[in-house]
Every structure is written in C-alpha cells, then in structure tokens.
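The next part holds the structures, each set out as structure tokens.
Look at the two complexes coming up: chain A is in both, with chain B in one and chain C in the other.
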Partner chain A sequence: MKARRRALLLILPVFALLSASCNQRPKWTGFGRSSGAAVPETSSNSIPVASETGDVGSSEPGLDLVWKRYRAFEDGLVTGLALNKATFCQELGKQSCIDKVHLTFLGGNDPFEAGLYERAQTPTSITAVAVDRVVLYACSQRLEMDRVAASAAVVFKYFPLSGTPTSDQLKLQATDLYHRFLARDPEAAEITVIQSLSNKGLAADKLALMMCYSIGTSAENILL
Partner chain B sequence: MDVRLLLLVSFLSFGAANEVFGSAAAGAQLCKKYPTSTYCDSEVNSCKTCHSTSPALNLYGEDIRVHLGGPVDTASEAAMVSIEAADSDGDGVTNLDELLKKGAPGNAAIKPSAAVDLVYDPFLALKRLKAIYCGQSLTYDLAQKLAATADPKALLHAELTACLASAYWKDEALARLADKKIQPLAAVGYNGNVVIADFRWDYRLFTYIMSNDRDARDLLAAQYHVDESGKRVEGRQGRGQLPQIFGSRIVIAGGQPLVPERRAGMITTQWFLSFYTMFAPLPRNTASQAYREYLGMDIAKGEGLQPIPNEPRDVDARNVKQPACAVCHSTLDPLSYAFSTYSGIETSVLNILENNSGTYNAGREPWEAQGYLMSKPVKSLLEWADQARNSDPFKQNIARMMFRQAMSRDALPHEQEEFDAMWKSMPADMYSINKLVHRLIDTKAFGGRRP
Partner chain C sequence: MIKSNRRDALKSFGGLAVLGLTGNAANLLAQAQGKKYIFTICAAGGANIADCFLAQSTGAAAYDNMPTINGSPLRAAPVLSNSIKGVINLGNGYAQETFLKKFAADTLVMTAEVSSVNHNVAGKRAVTGDNANQGRTLPEAIAMAYGQGLPLANLMLAGGGYSQNGDDITVPDQYRAQVVADPLMFAFATHGYKGISKLAGEAEMKIGRDLRQQLEAASRLHTQFQGGRAFESYIKNRDSVVEMLEKGDTVTKLMLLDPATNELEKYGFKVSADINLVREKFQNLSTDIFEARLALAFLATKNGLSNAVTISPSNTPLIASRGTPNSPIAFDWSHVDHRGAQNAMWSYILKGVDGLIDLLKATDIDGDPGKGKMWSQSLIYIATEFGRDKVKSGGSGHNLNNGVVMVSPLLNGNKIFGGIDPETALTYGFIGDTGAPDKTKMMKERDIYGVIAQAMGLSYMGRGSYKAVVRTT
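Right after this comes the complex of A and B.
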C-alpha cells in the first residue's frame, strides 16, 4: 500500500511535467519565440509516414519533423549531463544501450552482425520505451554522481538533494536543464508548472530526477 | 488463412497486377501528356503515379486498369483521358487537377497545395544539421551564438564544414549510407568462416569518394583503392589473409586483384563482384544492384524498364522469354551483358591460390559487347559505368540519397524545385557531396517552417 502511494506520488508530478513540456509549449517558434509567435499544434505535426525508399505519405509543408537519431541523442545526454560516453548506459552492465541493445529503436542499424542494411524511417512504439530507459539511466547516473560530489556537483547543484527545494531553486535547476537538453530558455508556462511542484512535499532528489527525465524525454529533444 | 487460399489469392493478385505491370511505355505516355505532374521528374518516380509499390496499383492505377480498352502500352492514354474528371483517390480533387497542379491522383495524402510560404529558420536548421552531420545535439552556447550573429547562414555553413570533416561523418554516417550498396555479410567477409572477399575495401573507397569535395562520379570510375590508413593506393592490392582450403575456415579471396584498367569504382570491387555474381554466367543480380544503388532504378519494382528490341534472347537458357519474365528481362539482360566478363566467386584450388575471384576474364562469356544501358549500346563495363556516372539518373540518385539521409523521406511536391536545383548543380560543383549538402541545408525543405 505504501509502495503504491509512493509510486503514485512519483507518477503524478511526472505527468504534470510531461504535459508542461509537451502540451503547453509552443512548437517551433525558433527566432520568433520571443515575439510570442507560435505555430498551432496540428495532428499533422509529425514525421511523414513513408518508406525511406518509397512513396511520400501525408505531411503538410513546414510541419514535418526530423528524428534525432541515436548518435545525436546520445551526445545530447553525454554532453548535456557531462557523462562518460563509454559507460553511461550499459544494459545488464555489459552491452551498450546506444550501440547495441537499443540501436535499431533509436534510429540506427547494424549491417554486420544483424544484417540490417537500412535504418528505420520513423520511430516505433518501442522507441519511446528505449528513450525513456536511456534518459532515466543518464539522469540517475548524473544524480548519483552529483550526490557524491555534493558541493562540487555539476548538474544538480541548485539545491541540496536531501532537502526540500524552494520555488526559485526549482526554476534555476529547470532553466539549466532546458539549456542542457533543449538549447533554449524555458517558457514561462513551463516554469510555472515546475515551480508548482515546490509545495507538494516531494523529496529533492526525486524532483531533480523527474525534471531531468521529463525534459530529456520531451518530444522536442527527440524530433527536430 | 488457409494456405491454399493464401496461395490462390497471391496467384490471382499477381495475375491481375501483371496485366498492367511494368509498362515503361505507359509511364512515358503519362509523362508526355502531363509533363509537369508530380512524379514525372525522373524515370524512378514516374511509376508512382499509378503504383504504390510496383507491381501493386494505387487507386488511380486501378482506375486506369478498369478503363483500359486495349493493351496498356497503346491504350493507357485514352484511359487516362477518360478518368480525368474522376477523383480516383477520393480526396476531393479531380485527377486532372492533381496531375496539373502537383497533386497525386492515386494518393489522397498528396493534394495540390496552395502557395506554400515557409520561412527559413536558422535555429531549426542548426539543430538539424548538428544532429545529422555531426551526430551531436545543439548546445545552448551555440544557439546563443547563432541568435547573436548578424549572418546566421555563414554560421550554419561554418558549422556544416566542421561537421563534414568530422570523424562521425566520415567514419560513421557515410559508412551507414554505404550499407545498402555493399550489403556486408560478416560470415563471408574478412575474418569470416568462408571468406569470399574483404568488404572493408568497399567501405573505405565509398567514404573516401564521398568526402573532402571529391568527385562522386568516382563511385563508378575509381581505378584506385584506399588502404587501412585512409591513403589512396594504386594497382592491384594483395590479400590480407593467406588462402585456406582445409580446416575450420575457408579463405577463398581477399585484397583487390582486378587490374586497374578494368575497374569502375564500387561496382568492380572483389566483394561486389563475388557477392552479387557468385557463380552466375550472366550476372543479372550484379547489374540490377548497380542499376538500383547507383542510378536509383529498381527493376524488381518495375523502375527504369527500357526494353531493348529482340531481348531477352535468353542467352543462358533460363527460360526468360516467356512474357511474364520478358517484361523485366528485356531491360535486365542487356543491362547485364557488360558484367559477364568479370568473374564472381572462383572456387577451384588454382583460382583460390591465384586469388581470381572478381577479376576480368575476356573469355568468360561471349556477351560483353552486346549490352545496353538506358537504351544506349555499351561495349564494355567501362562504357556502362561511364554512361551511368554522367547521366541524370546518377545525379538524381545521389541527391535523393543525401536528401533521404537528412530528412528520412523523399522531396515533397512543393520541394521538387529545390530538389531539382540540387542535382542539377552537381556538374558545376564538380560532383562534390560536401557542396551538395551545403546546398541542401539552404533549402526550405531542410530549414523551413511556417511563419
């Protein structure tokens, strides 16, 4: 019962953060972002459904997206969270998440051993699971490194991981994570949602992990 | 489903499709009548007006089939005219309007669009180019630098230049582009159980040609190779492993034994000839792979069919004269003759010791000088390759490969003009892939978004 309540407590804020990063944020405002210009979200805001060597499916001009594939995705985590590329994600402690286990679902192909001569054109349902898993690996690892580093923390340095963060501390941490993952400042709406978590009585390290996971797995980090 | 029923359905489907399958003449008629229609920009694309994936017909192709009043080669134009006012794909636009205004009459997802007014977003373009060509995510610092600069395009191109010189691009991204062309198989490659050739040479040659502003036509012209240190090497290249006939491993071949004067780049490496020709007297598989990967025309999909009169002659007694086979073999067999003097896998002890797989042997078969490529006679594989690498399909295929590599799709109808400008610029750019990519990132297809 206790465990279920704890899981619920973890899940609810994650949903809140995900909805902040996926729904409230305007899409692709680019340089026009500061002026408040926003592209309306439509159902066709997607990668075209097509075979890479076949016909082109539906895609409205200017609304199709490009999949950030395995290497750039990996680089975003390794550089953004200052991790060791060789060791940051090993499934069962043995196989590289990026180059081996989840390669295909992250947009790569292995021609030599798997005989896959072409990469997938679009993400699959398993891509979402793979992205979740790899980002969670990366965020967890950074969190533990920063917990040990304490005052010398690299990423999670805006509030003590054992305390309860203030609204301002959350804003600073979130802003830093937006810079690291998405190369932009957060929108006001995004910050508001994140700050609203400060009075939920959540542990600081859980909040830190949730923020990292939510921003790192947002569609904006995967589809360009 | 019951297996017998499945077989019956498959058989009937094939029979039905076969009535109109693979008519190069029908495609030509359509493009003559509606020259500006979406898919009339190239041999490859013209099939798409009527076919989803050849031989399967789309809704428009199906309508044509129903309205045919005679053989497809002669009656298709009349059928097209008879359904101009219809709306085959049910998207609310008549077939004629789709054909005249950059729609697709057999694909409801592609309709004539109103003027597309996209703006070029350097931030979007930078994110994409860093991911695609550097294998990196955009950093906040670089994004700020872009926001501050007075000349965003200059920054984009400077970043791209750095990306195209990176190890990621040369060693990884370009190698992945080569996979489908080379089709490596570890078990029969270098250090495999039965070594028929060493495909590492193929990867090195491909990435060398595709980088550093080199002439991409060398893909079908190079008489040199590239060693493990990345250095260009001339002449025949010795095998990396000694021949081995008995024991747990068999090493048949290795290195690059073909004499340089008979080479034509990627289609005459030992791996390419061994893997695709194997033991065939007439190397149809080799020719069709070269046609598909370097000219973008996949005969198995009914693309690039240009029948030669009196072909197929069935020179190797494979019973390909029957009509269902002749549809493709009237193009494929003449396409293959020039390859017939290049050996595939040679397995006699003497040939293994002399490393003769993938070498030239004028006496191998008598058909070498009887070939055709794109309806023009070719007397040798060198002529074949020369004609191929200087053709529009070669340029279109290279541009399409780079476009797909970036966008994971083909150019959309409203992007066709930009795409055409890309491949048409290749001669002026000395067939440099780097320059082609620099042009690509400037397109609105790459960096455009709605205002």
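Right after this comes the complex of A and C.
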C-alpha cells in the first residue's frame, strides 16, 4: 500500500508537468504556417505581418481547408471518370489544361519558363474558371465515350442519353457521381435538389452533363 | 530613409484625419481622383544603373564612344556588339539613346542602395519597399486604390520575388496578384465553358451553376465552413468574377493567338480586335514571352480588367538564327559577362517599354476621349533587385548600390535624383523635398516605394515627402 502511494506521489507531478507542457503547445491555425512556428508579431498599426517568403499565418476560421491542387484534382477526375490523363483536357485540342494552360490557377507553378518558384497559397480569382473548364472537359469526354459505348457505358449508364430519366434513375446517377467525385453518399437534401432537375426541360444528355459538372465543380471537390 | 517633413506630413494626413478617413476610406478618396495605372517592369537579375542612364565616360565603369544626349542630364550607354561566348549574337540593337530621344521628358533616375543581394528577397523588397506600407506591394496598394471593381486588378506576368504576395494579410483577395504563366493562352482562363462542348451553352450552364449552388447550400461543407476566408473567397470569386469575365467577353479581348496557326474558329473563339495594334509594337509576341506579356498587359488595362500589371522578361534566351535579344538568366548573366548582359538586357527592356508607352499614348482611358489618354495616368517602374559591381569587363557580382528608372508624366522627368561618383560609379542620394543631391545620403527601397506612392496619390503612415520628384501641374 505504502509503495503504491509513493509511486502515485512520484507519477502525479510528472503527469502534471506533461499536461502543462501540452497545454502550451501551439495550436494549428491554418495552412501557410509551419507547425509550431511562432505567431507573427503585429505591427504598430495592428496589421498582422508574415515572413519574407510570403507565408502568411492567420487564425481566421475556414483557413484550415486544404486546397486540392492541380495534380490531386487531375487524379481525382481521371480516376473517378476513368479518363486518359494525357488527353482528357486540352485547349484547342493541343495544349494541356493541367500541365500548361491552367497550371498556376490550379495551384501549380512553373519555375523554368515563367520563373514562378512559388505556388499560390490560396485559390485565386481565376481558379474557379479553370476548375469549370477542366471539369467540363472531363465530363463531356466521359459522356461522349459512354454515348458510343452504349450498354458498356462506365459512368453515364443509369438512363438513356436520348430519353427522359425518372427520379430513381436520377438518384442512381447522382449517387454514382457523388461516389466518384466526393467519395461519399449524397445527403437526402442533395438528392431532392438533383431530382428537381427533371423540371428544367433539359435533354437527357445535357442533364447528365450538368449533373456531372455541378458535382465535380462544387467547392467540396476543391477545398477539403 | 527620408524623414517625414512635419508640415508635409500634416498636409498629407491631416486632412484625412480631420475627416476621419484612414485605410480603405483614404483609398476611396484616391479612387475618386480617377483611374491610375502602374506597370512594374522587372529587370530581373540585377540591372545596373551605371550601364544605362547613369553611364559614365570616365572611371571604374567607363564607356567609350557614348552618344551625346542633348538637353538632358540622363546618359546612354552605346549599343555594343555582344555575344554569348563568341558563338551566339546577343542583343536586339535598340539604343538607349533612342529611348531618351522619345521619352526623356518623362524619364527619371532615382538612386538607391538596397538591402539584400538575394534575388528572391530583393525582388520582393523592390515592390514592397521593404515593407514600407504595412507590407503591401505597390501593385496591391495601387490596385486597392484605383482598381476597385476590376476583375483582375493586379495582374502578375512575372515571377521570382516580384510575384509574391505582400505581407499585409488584410489585403482583400481581389487585389492579390493574379499570376499568369502563359500570356498567349491566358484568354482561355477567362471563360468557364466556351469551346468545350455543344451541350454546354449559356442556358445549360446557367442551370448547371444554379444546381451547383443549391447542392452546395445543402451540403455539410457549406454549413461547417461558411464564413471562413478560404471558402467564402472561393465562392465569391466564382460567383462574381467569373460572370464579369464571361459577360465582358474577356476571352476575345485578350486572345493573342494567331488564327492562322491556331484553329480558333473551329472552337468558337475569335482573336482580339486589337491584335494588329499590339502586333505592330510587339512583332515577336508569338515567340517572345516578354512581348506577349507586354501585349497582354496593354489589352488587360485597355479593356478595364486591370490597373496594376507586373511584367518580367523570360530567363530563357530566345535563340533564333540571327542570335538572341535576351541573355540567359536575364541580367544575372552579368556574372559571366557583365557588359554583354547589361547592354543587351537594357536594350531588350527599353525596347519593350518603348512599345508599351506608344500604345498607352495612343489609347483613351476606358475608350472615352473625355478621360484623356492612358499614358497621362500611367507610371512605369523598371524595378530590379540590386546593382552589380562597377566594372568595365569580365563578370560582376551583386552590389547593393544602384538606382532605378521610372517613366511617367506624373513624375518630374528628365532628371537624375541623387548622383553618381564617376570614379567609382557608386551612387548617392538626395533630399526628397528639394531634389538636391546629398553625398551623405542613401535612398532605400522604402524611398522608391514612397516616390511612386506619392506620384500615384497614395498616403500611408511613415511615407516620406518627395515633392521634388513628383510632377505638379
């Protein structure tokens, strides 16, 4: 009994010390700052400043979202829609969307030709346009491949692209697209929104394309 | 750094203080004065002022056969016969003298001694004035003051330290640099759906985008991250900037690709209506990225998309049968061949600026003759990281001592602010209020920033007074 009490007396202060040091550990407050780095001093004008390299720290809510940059974004589309990485998106049929035309807007950089040594820290004004184009290219190409493949279609297989989809078919197609892009089941509310598409008077192929586009370009597919 | 003259500081800030205007309110006041444009030309690699408009005929860095420039204190180095290792002809043959003959009245040199010889750090300090204005870069500050409502106010056609965001994290995202790697293809990034699928026209995209908005509103991500800067900024840009760019047919206005060698029509695109205008000045824009960037800079400002554009030459030589106009790694080729790099690169930069000024002089602001020519409200800042060792031959290292060139009708041109010791080719400073040279003084990055800010009508705490440098009408 005495031995147990002595052991407790020894352990408790150590535990208390450990606990105190854990409480002093800096908290993660967003990307752009290395873990454990000191919070930048504020200037005399109370403007937060950052390092010479442009890394910025902030404790604002929402900054802990991670930008799915060009390669992860591309991989998601290529894998999700079973596309050819080399050809699924080419401006004017010849210039790679990901590796060239939209590279910097999708979070990449070009050190050799453009002297861009750093990547943008956050999505820029143009990022959303680049996302729109790349996803639309991907969805269009998959749609045309599935149109040709008919019964062997890979993605757009839940309703005929020349017919009128039922609510259940829309639900099945939407669920598949949510799995492919966002790796989750759609919420009931999201299914309801998708099903309301049938009132828009769109042809089935256009409807399929817009479903693909809207899920593939949703903020959830860009900011994780 | 110049100490603020108390009376001048009171004049600058007193009025705003009385009105209770600070920060953004002051910017609004500046904007009320009208549109202003800044073009920062990055003479990347260390452009030495003693090899340009402060060239000397005697001393450590003397030139032979200097041309005579009548009616100007500015000097010009002669065009030299340069080559890369005696194998590839180097330079475009453009004479510094030509530039001064055309633009001396609006051109000034301001001497300075900078604080870093690290390319990246010095490049950034060249545009932040070593954090003179809360860490804002000049393009950020001028975009905030005069670029409100412009979808791409701060267009970045450059790299290295010049292209980095400033350290003031309160700068709204729409005034941050929009970095563009490929100027010829940039137009494609201004339209979300044109030329992709016959199934995705304006009506279908409206339905698709509405659907996306509804799906997002129903998602857990929206509930969880609504109000966060990254999320809100992305959504705001997508919903406003994209629409602005598409409705303004920006994709056509900025299209620089040659229809003869690109199947623009097949994909539903058209070339810019101004293509012949920019081609006349930038004949090599299809192959020369610097010329393409200058052309894009002009089109973006002319069409009301941007008011702060940063442009740099390529680090890669444009080798053709006749040689290359630019040296490898731009001015930094001076390590290998100081005179060759400086002489060729100054010609390369000045020829580009010459073309840009001609276009700005010929173009009305917003296409409205009542607003005057774009040039009347423009400032061109030829920024560089640092100077080079003051030598006549061989290679040179980085040197803090230098000076910069600015060209603008808003500046008191045809002058040298500061001076140069002909024997050492080292520069010295001046008194901001009077412009009198002062051999005991060195201007710093924050003084360069301050001069430009004052010329552009921007005030901030701690800005010096540079009355002598700014043109008063």
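Worth a mention:
In this section, the second predicted complex is superposed on the first by the 158 of 224 C-alpha atoms of A that agree within 3 Å, B and C clash if a C-alpha of one lies under 4 Å from a C-alpha of the other, contacts with A are read in each partner's own complex, and residues count from 1 in each chain.
To be clear about the criterion, a residue touches a chain if its C-beta (ideal position, glycine included) is under 8 Å from a C-beta of that chain, and two chains touch if they have at least 3 such contacts.
Keep in mind that this is a model prediction, so the values were computed, not measured.
In the superposed model, A:Lys68 makes contact with chain B only, not with chain C.
With both structures placed on the common chain, the touch criterion links A:Gln195 to neither chain B nor chain C. Contacts of A:Glu113 after superposition: both chain B and chain C are touched. Touch criterion met: A:Thr79 reaches chain B, while chain C stays clear of it.
For chain A, the partner that touches more of its residues is C, with chain B and chain C as the two candidates. In the superposition on chain A, A:Leu209 contacts chain C only, with no contact to chain B.
Legend: residue contacts after superposition of the two complexes on their common chain; A:Gln121 is shown touching both chain B and chain C. Legend: residue contacts after superposition of the two complexes on their common chain; A:His179 is shown touching chain B, with no touch to chain C. Of the residues of chain A, those at positions 47-48, 50-54, 56-58, 60-64, 67, 109, 111-113, 115-118, 121-122 touch chain B in one of the two structures and chain C in the other. Chain C meets chain A in the complex at residues 44, 120-121, 124, 131, 134-135, 151-152, 158-160, 163-170, 173-174, 176, 178-182, 185, 188-193, 195-197, 199-200, 204-205, 207-209, 211-212, 214-216, 218-222, 225, 227-235, 237-238, 241-242, 245, 257, 262-264, 267, 289, 312, 314-316, 461.
Against chain C, in their complex, chain A makes its touches with residues 43, 45, 47-54, 56-58, 60-65, 67, 91-93, 95, 100-105, 109-118, 120-130, 132-133, 136-137, 140, 143, 187, 189-190, 192-194, 196-197, 200, 202, 205-206, 209-211, 213-215, 217-220, 222-223.
Within the complex, the chain B residues that touch chain A are 48, 52-53, 107, 109-110, 113, 116, 118, 121-124, 127-128, 130-132, 134-140, 142-143, 147, 168, 172, 176, 179-180, 182-186, 404, 406-412, 414-415, 444, 448-451. By the touch criterion stated above, chain A contacts chain B in their complex at residues 28, 30-32, 37, 39, 47-48, 50-64, 66-69, 71-73, 75-76, 79-80, 108-109, 111-113, 115-119, 121-122, 179-181, 183-184, 221, 224.
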